[in-house]
Structure formats: structure tokens, C-alpha cells
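A short worksheet on the structure shown next.
Chain naming follows the written order as A, B, C and D, and within any one chain the residues start at number 1.
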Amino acid sequence: MIEIFTTGGTIDKVYFDANSEFEIGDSLIGELLAESNIRDGFAVTGLMRKDSLEMTDDDRAAVREAVGQCGAERVLITHGTDTMPETARALLSVTGKTIVLMGAMQPARMRRSDAVFNIGFAWAALQLLPHGVYIAMNGEVFEAGSVRKNLKAQRFERT
Amino acid sequence: MIEIFTTGGTIDKVYFDANSEFEIGDSLIGELLAESNIRDGFAVTGLMRKDSLEMTDDDRAAVREAVGQCGAERVLITHGTDTMPETARALLSVTGKTIVLMGAMQPARMRRSDAVFNIGFAWAALQLLPHGVYIAMNGEVFEAGSVRKNLKAQRFERT
Amino acid sequence: MIEIFTTGGTIDKVYFDANSEFEIGDSLIGELLAESNIRDGFAVTGLMRKDSLEMTDDDRAAVREAVGQCGAERVLITHGTDTMPETARALLSVTGKTIVLMGAMQPARMRRSDAVFNIGFAWAALQLLPHGVYIAMNGEVFEAGSVRKNLKAQRFERT
Amino acid sequence: MIEIFTTGGTIDKVYFDANSEFEIGDSLIGELLAESNIRDGFAVTGLMRKDSLEMTDDDRAAVREAVGQCGAERVLITHGTDTMPETARALLSVTGKTIVLMGAMQPARMRRSDAVFNIGFAWAALQLLPHGVYIAMNGEVFEAGSVRKNLKAQRFERT
């Protein structure tokens, strides 16, 4: 069983014409998994709808608590990309689980998006990695504590 | 020959992760027409990239001048929805042409968008309507000067 | 009120891996109209699921009867492209209605398809054309009785 | 460097209206990887365009030779799903490489497809699995020699 916690971020952004802007909407992950022929073996819980630049230490504590308390050994967290390394670091104290954080550079609701590839990539990472905390982005696996987002290149890289 | 002038609006918005927001990008209309099997008989000119709430009288004068001076008898204008009725009214002084304004409530780059339907709808309207200025939105044809955008219902309607 | 009758054709083809082939599936037109922000003012009735090369005179008679007996003044018929001109001709005896036949060269379920553009195009044609029978394909309106499908060019043209 | 060999299968099927059917077209994998923000670190070679039910022992020998002779340590093979287990078994004699076979139940060119999820899943599997031959389908990793396609359930499972 894979436990999925959604926290917001670009991946779940929706365009609202009334406001002439995007806002974080319902997570699309359940629908995308179903389209990809994955219909069971997971549960989705929405924890918050935050742009990761707006996440606070309290938010990260809430994520850590939810992850630590869930019964699953494999946990996927969808998250905004900007502060994904910080939340990953905050989860290092959780033991006995393989925890993978992922997100997307383009909302999943766009015609062209890295979201579905990233979900598939993370799905395999969850099954093959030993216990620990990881970021799965731009087709690579990074260990929490030694990864950062290179803002200029718009990619994640090892520190 | 159909002359297409693009002015911006929701229809051409792109998501830029670096800025955590949507901005108006290149018009997608040429690509969408090609996907719909329409490859000739039209030309596309980008006039500006404005959210229609930011269009000024000078902008509308520029649109009117471009439309009035082009050789085509049929003109399609892609435009933000919020002030489409104002620009339509500003074009009433142009004679000898069928002018149709259209846009979309969801960017054409989204998986679910009204953009392509609206383009097809406007394409037929251009060929079947007599000279004059029209708005083609939510599957209806409206005459310039007697149409408004109902913000609450997020639809265009006759005044 | 627009009455929509679906008869099959490429537009509604679905890929079935179990048979390693496509088959005509449920019509997608209701879902595509909803995605395009058109949610009412129409009804959809599935008449048959035929590749148009397999339509018989009895099939065309069934279509003519359904169209003639429906209460709507505007009727949209989705149809395979190969024998669309034949069915259009068979409908010329129906009076008091604007009848538009359309289909697509690529199934609506493909990422790149002319289906949605064609639906939007036909939607406008239905509202703007006088009573009669028409084919709306490749961004043009053709009158029944003077149109054929150019197999080599894969386009409709006037005869 | 990941070496990608394409052999055909449902994943690369294209719809040809002229023939009223789906045929295997150019592999879409390079385009899908670019949309997913993966632009380097791999090469794509088309070996054949076969429905896997039509693959012969000679075809499998050709695949084995190409894989064995390439310089990469990680090899991805896109393949029809019906006889993927047979080709996987035929590759067991290749040493010193992590070889992952994948495909899709719905062509990558459909709006709803498992193709992109499967590519992302396989991309991670290639980086995390030890040398050997594997099938990556329906969100699971299977070892060559102990996997079959359950035709009724339309899923892969361990034997």
C-alpha cells in the first residue's frame, strides 16, 4: 500500500479566469493514476494547498506528523518544487519508511507537463529504494539533505 | 484568406514556474489550426500580449488600425475575455469586413480548454456572417454593441 | 435546442488492446462539449456505431427517419467521413431543419485531433445556416448533393 | 547514458484514416521525454515496427544482438505487450546491463494513456535495479523468466 499525501505546489495548480490567475486546486493524482491503469494499492490524503514558498515550520511539522503516524511503509508526497529540499530534510527523523517527495515544473492540468512522468518515476522509486527520504525530480533520485533546486537552471541537483 | 490578429488574453497564457505564475506567451493558434487539419488560407499577426483588463484606448486604436488596413475581408481577433465587448465596440467603425473576436476561459495550453472549440466556432462564423463586428463565445454569436461579459456566470450574454 | 445524432465513424473510435485494434466506442461529444463550456441546449442520441463504409440504405433510412421525426429545428449528425456525402444526400428530403453532418479524420480520443475544432465549427454552422443539409469538414461548409470526399487528398471538396 | 531501442507495439500506434486503422508509427518516446523535461542522457534507436504477436525468433535475436553490442549499461526497450515476456526471456543471456522492457496498453498518442507513466516508471527502474532483465508494467517490476501477461485481466503478473 502506498500512502500519498498532497501538499499543493505547481503540480496541482488550476487556472481561474475570474481571478485572472492560477490557484492550487484538487490534487489530480488519483485521476492521473487511473488513466495510467493504476487503480488500487494506494490512498490519497490532502494535507494542505500551499505554494511551497509559503510553507512554514508548522506546516512541515504537520507533514512530518502525518507521515510518521500513517501505517504505510511507502509514502509519496506531492509538493511545490521551490522548498522541496527543506521539507525533505524535515522528514529525516521519520524511520522505517521509504519516503519520496515529487512535484512538477508544469501543472498536471497542462497539455505538456512533466507531472505524469514524475509520478511514474516516483512510483518505481518507492518500490525499489531502501528506507529513507528522497526527492525524485528531473528523472533522478536525490537523497534528502544533499539536494537543492538550482533556480537558474530550474532543475534539482546534488549538493 | 482569413487574417488573424492576436492581442493576448487567457487563451495564450503559459505557466512559468520560475515566477510561480501564468504569463501571456506565443499565440498557439497556428499550431491548433494545424492539429485541426487547417494549414493554409490564413495568416497570423501578433499585435500585443495584453491581459484585456490592461488594454487602453491606444491599444484599441492600434487594433482598429491594423484591422482597417489589412486586405482581408474576414478578420479573427483573439482577445482576453474581460474587455472583449469594449474592443468590439471600438471596431464598429471599420467597414467592408466580417470581424469576429474570440478568446477562451481556459488557456489553450490546458488539457481541458474551450479554446479549440471556440476557434472552430469562430472559423465558421467568419465564413457565414455578413459584414460587421461580432463576439463568438460560449457557442453563441453576439453583435458588437449589444453584448457584455456576465462576470458572475462567467459567460457572455446579450444586453 | 440542438439535437445530436451519433452514427459512429472515426471520430468515436477507441483502441482496444485486447483485440490489437480500434472499435467504435461511446460517443465522446457530450464530454467534449462540456470541456468547451457548453453544458445545455442540446441532447445526444446514439443511432448506431458504424464505420461509414459499412452503412446500408436501411441505415440511412433509419437516420433520415430519426432526423425527420425529432422536434428540433437544428440537427447535428456525427458520421464516418468516407460516405458522409451519401448520407447527406439521403437527408435532402427532410424539410424545415438545418442539418449539419460532421466527423473527424483522427479519433476524438487522440491527443491531436480535428474533432473538437470540427464540433465548434459545426456548432456555429447550425446556428447561422438556413434550412437545408450540409457537410462541415476541413473548416468549410458544403451543401449536400455537391460535395465529395477526395480520398487522395483526404479532404472534402465541392463537386 | 540510457540506450533506448524501440521495436513497435501498441505504444507507438498511429491512426491512419485512409486505411481506417491503427498502424505502428514513429516512436513518440523522444518527444514524450522532452515534454517531461528530460532532454539528454539518452539515445533512441528504432529496431523494428512490429506488433509483438508478429515477432519471430529472428526478430528477438536481432534485439538481443543490438542490446548486447551497445555500449550502455542501462537499456530501455519499448515493445508490444503481448509477447514482452518472450523477448525478455530471450535477453537473459546478455550480461553486464540493466535491461528494462516496457510498453503501453493505450497508444502514447491517445489523450488517456498509460504510456508516459510507464516511461517514467521504467526510467527510475533503470537507475535503481541491479544488472538483469526486467519488465516494468502496470506499476510493478517483474523479473524476466517469471512473468506473464494475463490476457483476461489485461495485466502483467508473476508466474
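One rule holds for everything that comes next: a residue touches a chain if its C-beta (ideal position, glycine included) is under 8 Å from a C-beta of that chain, and two chains touch if they have at least 3 such contacts.
All values derive from a computational prediction rather than experimental measurement.
For the touching copies subunit A and subunit D, the fraction of interface residue numbers used by both exceeds half; the interface is of the same-residue type.
Once the centre of each chain is set as its mean CA position, subunit A and subunit B turn out to be 37 Å apart. Subunit A and subunit D have centres, each the mean of its CA atoms, that are 27 Å apart. Per-chain CA centroids place subunit A at a distance of 43 Å from subunit C.
Multi-chain contact residues of subunit B, defined as those touching 2 or more other chains: 105, 111-112. You'll find the chains touch as A-B, A-D, B-C, C-D. Interface residues of subunit D, counted against subunit A in their complex, comprise 32-33, 35-38, 41, 105, 112-114, 116-125, 127-129, 136, 138-141, 155. Within the complex formed with subunit A, the residues of subunit B that make contact are 10, 13, 15, 17-18, 20-22, 51, 53, 81-82, 105-107, 109-112, 151, 154.
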